[in-house]
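Please read through the structure below; I'll follow up with questions.
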Amino acid sequence: MSFGPTTFISAAGSTPVLVIVIPLLAAMLAPIVSRIHRSVGWYLATTATFIAFLLSLSLLYTVIDGGTVSYRMGSWAPPMGIEYVVSYFNGFVLAVIAFISFIITLYGKKSVEQEIPEQKIPFFYSAYLLFIAGIMGIVITGDIFNLYVFVEITALSGYALIAMGKDRKALMASYNYLILGTIGATFLVLGIGYLYIATGTLNMNDLMQRLPEIYDSTTVITAFAFIMVGLCLKLALFPLHIWLPNVYTYSPSIVSALMAATSTKVMAFVLLRIMFTVFTPEFVLEVVPVTKILIVMSCVAIIMGSLIALGQTNIKRMLAYSSIGQIGYITLGAAIATETAMTGSLIHILNHALMKGMLFMVVGAVVYKTGIVNIKDMEGLGKRMPWTMAAFTIGAMSMIGFPFTVGFISKWYLATGAIGAGMWYLVPVLLVSSIMTAFYFWRVVESVYFKGRSARIDTLKSPHHSDEAPFGMVVTTLFLAGLCIYFGLWASGPVEVAKNAAAFLLGS
Amino acid sequence: MIEIILGKYNYWIYIALMMIGFYAMIAKENLVKKILGMNIFQTGVILLYVSISKVSGGTVPIIWDKGGPYDNPLPHVLMLTAIVVSVSTTAVALALIVRIYKSYGTIEDDQIVVINSHDGDKEIPSEKASTII
Amino acid sequence: MIELLDILLLLFLVICAVAAISMRDLLSSTIVLGSYSLFMAVVWTRLNAVDVAFTEASVGAGITTMLMLAALSRTKRFEFLYRKKGQQEDPNKETNPLLKNWKRKRFSVTKVSGLIVVLLTGAILIYGTMDMPDFGDPNSPSYTHVATMYIERGQPEVNVPNLVTAVLASYRGYDTLGETIVIFTAGIGVILMLRKRKKT
Amino acid sequence: MELEAIQSFRPLYAMLASAIGVLLIGLSWEKPNLREFWTILAAVIKFGLVVSMIPFVLAGGVYECSLFTVVPGLDIAFRVDALGMVFAIIASLLWIVTSFYSIGYMRACNEKNQTRYFMCFAITMTATIGVAFSANMFTLFLCYEAITLATFPLVGHKMTAVARRGARIYMVYLLGTSLAFQLFAIFLTYNAAGTLDFAQGGILTGTGSTALLTIIFILFMAGITKAGMMPFHNWLPAAMVAPTPVSALLHAVAVVKAGVFTVLRVVFHIFGPGLLDSLGISFFAAYFICFTIVMASVIALTKDNLKARLAYSTVSQLAYIVLGAVMLSPSSMLAAIIHIANHAFSKITLFFCAGHIYAVTHKTKISELGGIGKKMPWTMVAFFIASLSMIGVPPVAGFVTKWYLAVGTVEAENPIILIVILVSTMLNAAYFLPISYKAFFGKESPEDAGSQQGSGHHKVRELPMMTIPLVFTAIVSVFIGIYPDFFISLAQEVLRP
């Protein structure tokens, strides 16, 4: 099929709004229709996320073929009305987010049934879909205040989802996240207010055009500072990460997977978007030395995240700290701000979503089958859950950055980008962190395959139950594991898109 | 000097409110107090926005025959949303606090830390696992 | 120029805020917060933001206070405070054995670092306010750009005299949808957390 | 001179032979005989495919096979040239021999997890051929890391605490250095040269300052730990916890040779001898390597464990290859290339012997070997021949290397290195000859003598499944010592300007 650009704009039609409205509608339906049967909620969530994924894919193709798509809400022209913009940059992220949420939903049926009390499942899926709609809204909107509204929708549903964890610590995790998240969001809205005072507009494109004249105004600089700090809180950049480990550790498995794969990545995306398309590369590079600060912060995040992960005994917590390190990769690429490094940063949004989502899915499967979260108890699991553990090994290799996995692609672009920008001293940071990653992941792989069974696993031995996790969980996990290798070997497609997005961000 | 202070009087007050609320959010140990602080924090921001909308000599932004200068309606709209967000967050937070009180018997942050430190890192209870045993 | 009444009102807000966070009795705090919201509503009427004033009076002063009272009735009334020797015992009567020998310190790291962070934030905010247009300046960009469009075209295009309604329901109707979803989300969240398990 | 190149999937098929073998081995885990049949079939087919490419390569041709592009700049591509051929032919031939030996060893020792063992072995061989046939540094790095991963289960095969510790050291050294240094060097190379493809005469000429190129060279040298250079040699003795066939093929041939092969690739096709010469770091490197040669030999002298002594001997012998390469004189480079073959056949013989002794008598220490030559005559004669090769006595293979290496030092006018080679030769003799002496003329320990006279049940007997391979490799060692022409002609093909 081939469409001309004009036909495609019309073909795109109201897709941008449908992407959000469909999960929203499903979220509203979920508590009602689930009265029919308890698994209806899951079917609804799967269908909705699948449709959203297809729509986001079609949007991405529209953008690749015909350039940026703009959708005017209620057909009011910006800057008066609210605008939805899909460019290379957010079209790519949107597709990634939609895809991962679809896979995780597909995976989650059994896990949700086990971990969430039955009468709460319909509401759980409702909150779950609201969360997804929220993050998609964040990605797609072109209006900075609308962005805040979606951030709050995501956050509110997130708090409820986290609190569903079985351990009572989940409640405190959720509460602390609520406090810090609200501080972050309020800082964001404060920054938006300052921007509004300085420019009189809320539309991102309009802001970009009106800001350069007043770059040296203290109001604009303060606005930028508050937005940055607010977002860094939300994306858990070290040392603003304190809410994250507990949230990932005590949430229900499916929520850990979803949040690890999407929420921090989306916030990183917003950071990039505001740094480069609301403000301009000139601003962040020349007017305020923010990239220099961000480079230092990212390096600290990369090293500290990996270092703390080394000492963890709970596997979910280990993965959480690993995420804190990996967030540093994304911000590092953005802070170097050359096209190659930025490509690395963007491709890492996809890659890390794949890897970390998959690893949390593996942990979810282990928890589902055995209830084990301590690394020590996982000894000998390799024989009992061979497929799940194979996926884990692939994920581990990818996190380390072996050259046939997606992890290597990210590292390749980040490192060559850093060297190309004359910052070769950043490469050792990346390499040291991958060695540390190798340490803490290989520790798990080794105990899973090369040790006898732990006492805990032996007690679970039973002739009547299969040892492997349910089919649906294993297949989706392996599918993502396969993608980790597939996109590690045939990376040209996503890299091409990421490269265009990077060029778009840097305004060249 | 006095001009600066008086010319931006509303802004100084909003900064003061924000600081009070922000302090309560991060430094108070009582979970309900934190939420009180959060409310003050957010109304501070609302005060900022509404102050932006004011124009000297402006009237309520409702079009009548007078036709004089009207105040900026946009921040009002935004703040309606912000108030709703604020109360929604409060509701969720309070629901959480009720749950926390039920399982910990206290709503003091530092006390909960003490209780948690005695908890250890327990395994996630798994119904399936217990049936296998 | 700002009037004396406004100055007093705003000062009173600060006093209410300080009182609300420093009271030991959470019930009193909540009531003070309610009156704080009411005064806020008055401030907003003075600032010509009548719609916001309505909402604040009903949602801020009304619903928030109700929610707080509901939550307090299910938890504790008193905040646990630092005690010097000889002062009265904890009004909540701690029963948890783990907390028997536990004492709250006078100054904790969070308190001190919190104060520093707050002062820093305040300083940055003040710095940012320096280049802002003065209060009520009709030439400020916030008034001359999009706002003017709303004021000039709102009435003819949407045909509602109240410009706030026009913007709310039409130009930025999507934000309002978002607002509704926020309420819905909060509702779902509260149900998820507070719904009781069926007894089976 | 441009090389004649043809596009062909043949190098890929050579890799696929063992890759498909992995699947078949895995599927027939219930039938050991069928499983072992697949191993040998895959090995034979692979060898056949490699051999079929010899004539064209000897005639100065190159097979090329470009698979796909991962991202622009990173291609998965294969290329068969003379240097790769030297490595590939040794690895694939010795895989056949080792397969037979493995079957004998694993069954004699009743090892567990034999399916995993044979599968990992086949994966390693696939990756090894991949290293040999890589057309660029990225493909090589990919296969290099794949070897590390696939050999990890082999090293930790016994799954005891000692084995796990050994495997962990193995992993930490190989993975840590390759990720930290080699990958860094690759990043810098790509940034400087804009490509990673191997080319005759190097790709880095005129691309960066002397300091940058020196740093790249040092990073490569530090990163290619598989070559066993000090101070990153510790993994090799640690890896000796593996079953002996693994030590024999992997830690005498595939893994370590992948390391030195990568060094040769870097020297010949990334930097090029000309560039290295102008950088002036080659002699500095050579002295550094001389230290490794002497130190490793001295440590070997102190080891009583037979496999440990062989491991340190390997460290020392690998250093010859690297030394030959960095000396950059024509004869020494020739010596470096042919020593890949010479050392492979001799060292594998020695390991086979050690494994055979262990399988039959469960002895691991040299001090316990008194009189064993009478009970295992074939084995110990083969051991003696291979030791002669290690020392460099004509007419066994090792002599050829030492000869060309010595000529190389003369060409380079560097008497110090010549002295080092002579000293190391004496050290080689000092730690190898006593073993053979003890085996043939030493006294049996009393309890062994006792058990010998007891019931015939315990009688020490050589196992044909293990004896035949080691006799074969010993004969090959002698053969290529007398007729070294084949490998020399391949090496000349590599060095042709």
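Observations on the model:
Letters are used for the chains, namely A, B, C and D, taken in the order the chains are written, and counting of residues starts over at 1 for each.
One rule holds in what follows: a contact is a pair of C-beta atoms (placed from the backbone, for glycine too) under 8 Å apart; a residue touches a chain by one contact, two chains touch by 3 or more.
In this text the structure is predicted, and so the values were computed from the model without any measurement.
With contact taken as defined at the outset, chain A and chain B are each touched by C. The chain pair with more C-beta contacts between its two chains, of B-C and A-C, is B-C.
Distance between Cα centroids is largest for the pairing of chain A with D. Annotation: 5 Å between the Cα-based centres of chain B and chain C.
In terms of their C-alpha centroids, the spacing between chain B and chain D amounts to 67 Å. Centre-to-centre separation between chain A and chain C, using Cα means, comes to 30 Å.
Chain C and chain D have Cα centroids separated by 72 Å. Listed for chain A are residues 145, 149, 152, 156, 159-160, 163, 190, 196-197, 202, each touching two or more other chains. Residues of chain B found to touch two or more other chains are 18, 22, 26, 52, 74-75, 78, 81, 85, 88-89, 92, 96-97, 99.
Of all residues in chain C, those touching 2 or more other chains are 125, 129, 132, 140, 142-143, 146-147, 150, 172, 175, 178-179, 182, 185-186, 189-190, 193, listed in ascending order. Taken together, the chains touch in the following pairs: A-B, A-C, A-D, B-C.
Residue ranges of chain A in contact with chain B, taken from their complex: 114, 145, 149, 152, 155-156, 159-160, 163, 166-169, 171-172, 174-175, 178-179, 182-183, 186, 189-190, 193, 196-197, 202, 313-314, 367-374, 377, 459-460, 462, 465.
Against chain A, the residues of chain B that register as touching in their complex are 18, 22, 25-26, 31, 34, 38, 41-42, 45, 48-49, 52, 74-75, 78, 81-82, 85, 88-89, 92-93, 96-97, 99-100, 103-104, 112, 116, 119, 121-129, 132-133.
Taken in their complex, chain A has these residues touching chain C: 24, 27-28, 31, 73-74, 76, 79-82, 117-120, 123-124, 126-127, 130, 133, 137, 145-146, 149-150, 152-153, 156-157, 159-161, 163-164, 190, 194, 196-202, 210, 217-223, 225-226. By the touch criterion stated above, chain C contacts chain A in their complex at residues 124-125, 127-133, 140-147, 149-150, 153, 170-175, 178-179, 181-182, 184-186, 188-193, 195, 197-198.
Chain D makes touch with chain A in their complex at residues 68-72, 74, 76, 138, 141-142, 145-146, 149, 153, 156, 159, 163-164, 167-168, 171-172, 175-176, 179-180, 183-184, 187-188, 190-191.
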